[in-house]
Amino acid sequence: MNDPSLRDVADWWATAVSRVEPNRIELRGRPVQDLIGTVGFTDMIWLMLRGGLPTPGRRRLLEAALVSSVDHGPHAPSIAVARMAATCGIGLNNAVATGVNLLGDVHGGAGEQCMRLLAEITAGADAADVVAQWRAESRYLPGFGHRFHTVDPRRDPLLTLVEQAVADGVVDGAHLRAARAVERILAPVPINIDGCTAVVYGELGFAPPLARGLFVLSRSVGILAHAWEETGQGRRNKGPIPPSILPTHLGDDPCTGEASTPA
Amino acid sequence: MNDPSLRDVADWWATAVSRVEPNRIELRGRPVQDLIGTVGFTDMIWLMLRGGLPTPGRRRLLEAALVSSVDHGPHAPSIAVARMAATCGIGLNNAVATGVNLLGDVHGGAGEQCMRLLAEITAGADAADVVAQWRAESRYLPGFGHRFHTVDPRRDPLLTLVEQAVADGVVDGAHLRAARAVERILAPVPINIDGCTAVVYGELGFAPPLARGLFVLSRSVGILAHAWEETGQGRRNKGPIPPSILPTHLGDDPCTGEASTPA
Amino acid sequence: MNDPSLRDVADWWATAVSRVEPNRIELRGRPVQDLIGTVGFTDMIWLMLRGGLPTPGRRRLLEAALVSSVDHGPHAPSIAVARMAATCGIGLNNAVATGVNLLGDVHGGAGEQCMRLLAEITAGADAADVVAQWRAESRYLPGFGHRFHTVDPRRDPLLTLVEQAVADGVVDGAHLRAARAVERILAPVPINIDGCTAVVYGELGFAPPLARGLFVLSRSVGILAHAWEETGQGRRNKGPIPPSILPTHLGDDPCTGEASTPA
Amino acid sequence: MNDPSLRDVADWWATAVSRVEPNRIELRGRPVQDLIGTVGFTDMIWLMLRGGLPTPGRRRLLEAALVSSVDHGPHAPSIAVARMAATCGIGLNNAVATGVNLLGDVHGGAGEQCMRLLAEITAGADAADVVAQWRAESRYLPGFGHRFHTVDPRRDPLLTLVEQAVADGVVDGAHLRAARAVERILAPVPINIDGCTAVVYGELGFAPPLARGLFVLSRSVGILAHAWEETGQGRRNKGPIPPSILPTHLGDDPCTGEASTPA
């Protein structure tokens, strides 16, 4: 390892996340055999992203946020494209990757953006000033309002869990207060699911980009479930188009020839 | 470079495709400055995949096949998902990758499969036996028939170009004869676009997997054009769902909050 | 909804996974508000893929398998490409999708293949015959042996948990017995991590393709953790190449110009 | 089509790019049979992105830019990940998508950024002011300088073609003059390949985001060529890591078991 080139390589691979040697696997410094059967999958997510294990109270909040974002119906683009991918003869891993690839600034990115907005307030800025500033830059306030739900069924359970955690001294409640302050200013526009998860992740001390990262882990479950169901239906090269008005969705593919080939 | 580890690295990177040194770039052994302005993009595709430049007659066939597969309407899954991706706030490169990821065995793979079928016949097998064998394994014959077009407008121009190339001694016509033999057996089911491009790529001596690879390069143009058009429309997180019956496609995203936030 | 075209659309979107209506979100028939704060993320994975909730004993097995596959070092292709992606200026979601896209038949697919092998034995075939048959078709037996670990530290904890579950009547042990029978035939080649997780997923009644699907969910955590760490290091357009022997990894990108631009 | 829901669907699918009806395929309003055999692949790229066909002089410039960006060695992240993907048992289309997914703001995005910089100058701003402003916002100026090449072999051929095109009245030269003005200010830092292609695309009137889109089409050729070569080498689940110092790149996959399984 004295050769500078080898040090270059070794340096590139340097990581605090995992260490693997013959017959030894350490994740964040913990031997994997000490984790299997003793910690849960949500603890593992926290460990890999934060470097330690969460307290039970903090794990409970993270678990609730991960559960709440799993799926919002087959028409969300991330789910729709994964179902279409599953009909095109690619692997289940490729179908999940196709859906995850769409979770950008617009679809899934609101949590990250809302965390940045709330962080300005928890850092001491006046909520009204922050709202006015964001309004001046965009017509939208990430994390508030919903085109579809007037009362999002996920809102109260999540905020109630955060309130309990504040009462129990698990978190300090700064992000919850910031979100409520913005909600009062925007009334009657309510905080939405992205705002609720932003509050949870902010209270737990995650960096804003990880709001998107954690949404990716959560939504991957829904993407996989929908891609798997679609695979089981055995449809080939299908898009959500009514053939009677839009027959051309058949595309250029083997099955375009199949139906007209006497079986 | 005497260190075995460095030889391991160098060996992994060994390639005949390109060689880059300070102030020198060679593609398939040719200095890039000798190619810029002197060869066309289609020549470049041939050079990178085959190692040499095509004759004008062979380039003309490849060019025609690449032109014919660029697009088949917005409803083909590869195009539809790229348009949906473009509304989710990810890069144009990510939108194109999303569409290309779907070009698997079912959507885009027919050319590769048809080349394998034709190769059995050009290798000496009897067309009727080959058809019967493929029928026994699948209800479908890749490259033949179309659910939508009774006469695919791309068929005659492509086959006519191959016929001319055979007459001019550019290619030997073995794959064209094999496809015609299968077509006679399946009558009235016609050879389709995947079969036509399989004939072209087979006559040009490409390996079957490159039928999919060349389709990827061709269809990428249509995917990019559609993703770019969708980007210009500025729609956010949209799926091809009629809101009046399927409002839930709005998903969990910033724009779900936008409409209800007073602008 | 009497219009056949609308029925075509509605039919395409039909799913048993989730139902979303104004102010109502049901996942596998359960109102989301009944799940948030009451079930764990692993329960949610089971619910979305199976339609019901697991018993505590079954959840414990699934949780252990998910924990065991999270990461195996930065050099696994799925992790390496995600780290490289994170240096190229794409989103964290795109970096995770890039890594997940690689979890195909070779990297991550062993569990699915091993489940198919074990299923032949649990269905009544003789282990020796099955091994001989797979050997005849391939030089490899998925789920057995490891090029690196002589004793994989994840093996014993996982198999011990399955043994306990069999003793507790949680699962019937058929897949564990099948794997042990193959292991005896291959001695001294041991069952590896893919074989261990295949035993768990088989005992829990998952379909073989979901072994890959569950590996995707598990490894996504490691992919995200590594991509996030790489993002924090702020390197741009980097590959794991020692510049002193392989300087050309710099590629064509903005930062190729940066170093030589007086700051 | 009187049902509002159906109009919603039809409206979503509305596009000026292509129109497909039974036995009729129109691309940008031109029947596909009129294009096959009569226009080249580069003409087709222009037609799909711009809506018309280029003049011979403009096509020559676009062709040169597309040829120049095809490949810059196996170590560019886009190429490296595609080669790694090809060893993981996923399709050639998935391997290309993996590489294309990395062509973001850092790797491939310089052309788009340089076009925005040049546009400020062609719009009338003083080059020195623009350079000072960009310097104030970033330490980097996209399109200028190279960490590796002191004289990029692609620079002179491309700029010479643009000069000829200006002399021939094919383009007006505004972007070429703007780039040269910046180059004088940054001397001795030269314009790099991203700057040269930005000049070409700017002179041809493409929107800045299409500099990335066109780079995607060009680099896809190199990505495909490298993925195909890697596929032919038959290596499984390989990363560019020297086993003697970094053995753990083997990962968790079937082949980890294969080598130690007596064949």
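Just so it is clear, A, B, C and D label the chains in written order, and each chain counts residues from 1 on its own.
Operating definition for what follows: a contact is a pair of C-beta atoms (placed from the backbone, for glycine too) under 8 Å apart; a residue touches a chain by one contact, two chains touch by 3 or more.
Since the structure is predicted, the reported quantities are computational estimates derived from the model, not experimental observations.
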item	value
Far-end chain from chain C, centres as C-alpha averages	D
Numbering shared by both copies at the chain D-chain C contact, with half separating same from different	same
Distance between chain centroids, defined by C-alpha means - chain A, chain D (Å)	30
Distance from the mean Cα position of chain B to that of chain A, given in whole angstrom	33
Inter-chain centre distance, chain B versus chain D - centres from mean C-alpha coordinates, in Å	17
In chain A, residues with contacts to at least two other chains	5-6, 9, 13, 20, 22, 72-73, 75, 90-91, 93-94, 97-98, 101-105, 108, 148, 238-242, 245-248
Chain D to chain C touching residues, read off their complex	3, 5-6, 9, 69, 72-73, 75-78, 80-81, 84-85, 87-90, 94, 97-98, 101-110, 113, 139-148, 186, 189, 192-195, 236-241, 246-263
Touching residues on chain D, where the partner in the complex is chain A	1, 6, 9-10, 13, 20-22, 90-91, 93-94, 101, 241-242, 245-248
Touching residues on chain A, where the partner in the complex is chain C	4-6, 8-9, 12-13, 15-20, 22-25, 27, 31-33, 35-37, 39-42, 44-45, 48-49, 60, 63-64, 66-68, 70-75, 91-94, 96-98, 100-105, 108, 148-154, 156-158, 160-161, 209-210, 212-213, 216-218, 220-222, 224-226, 228-229, 231, 238-245
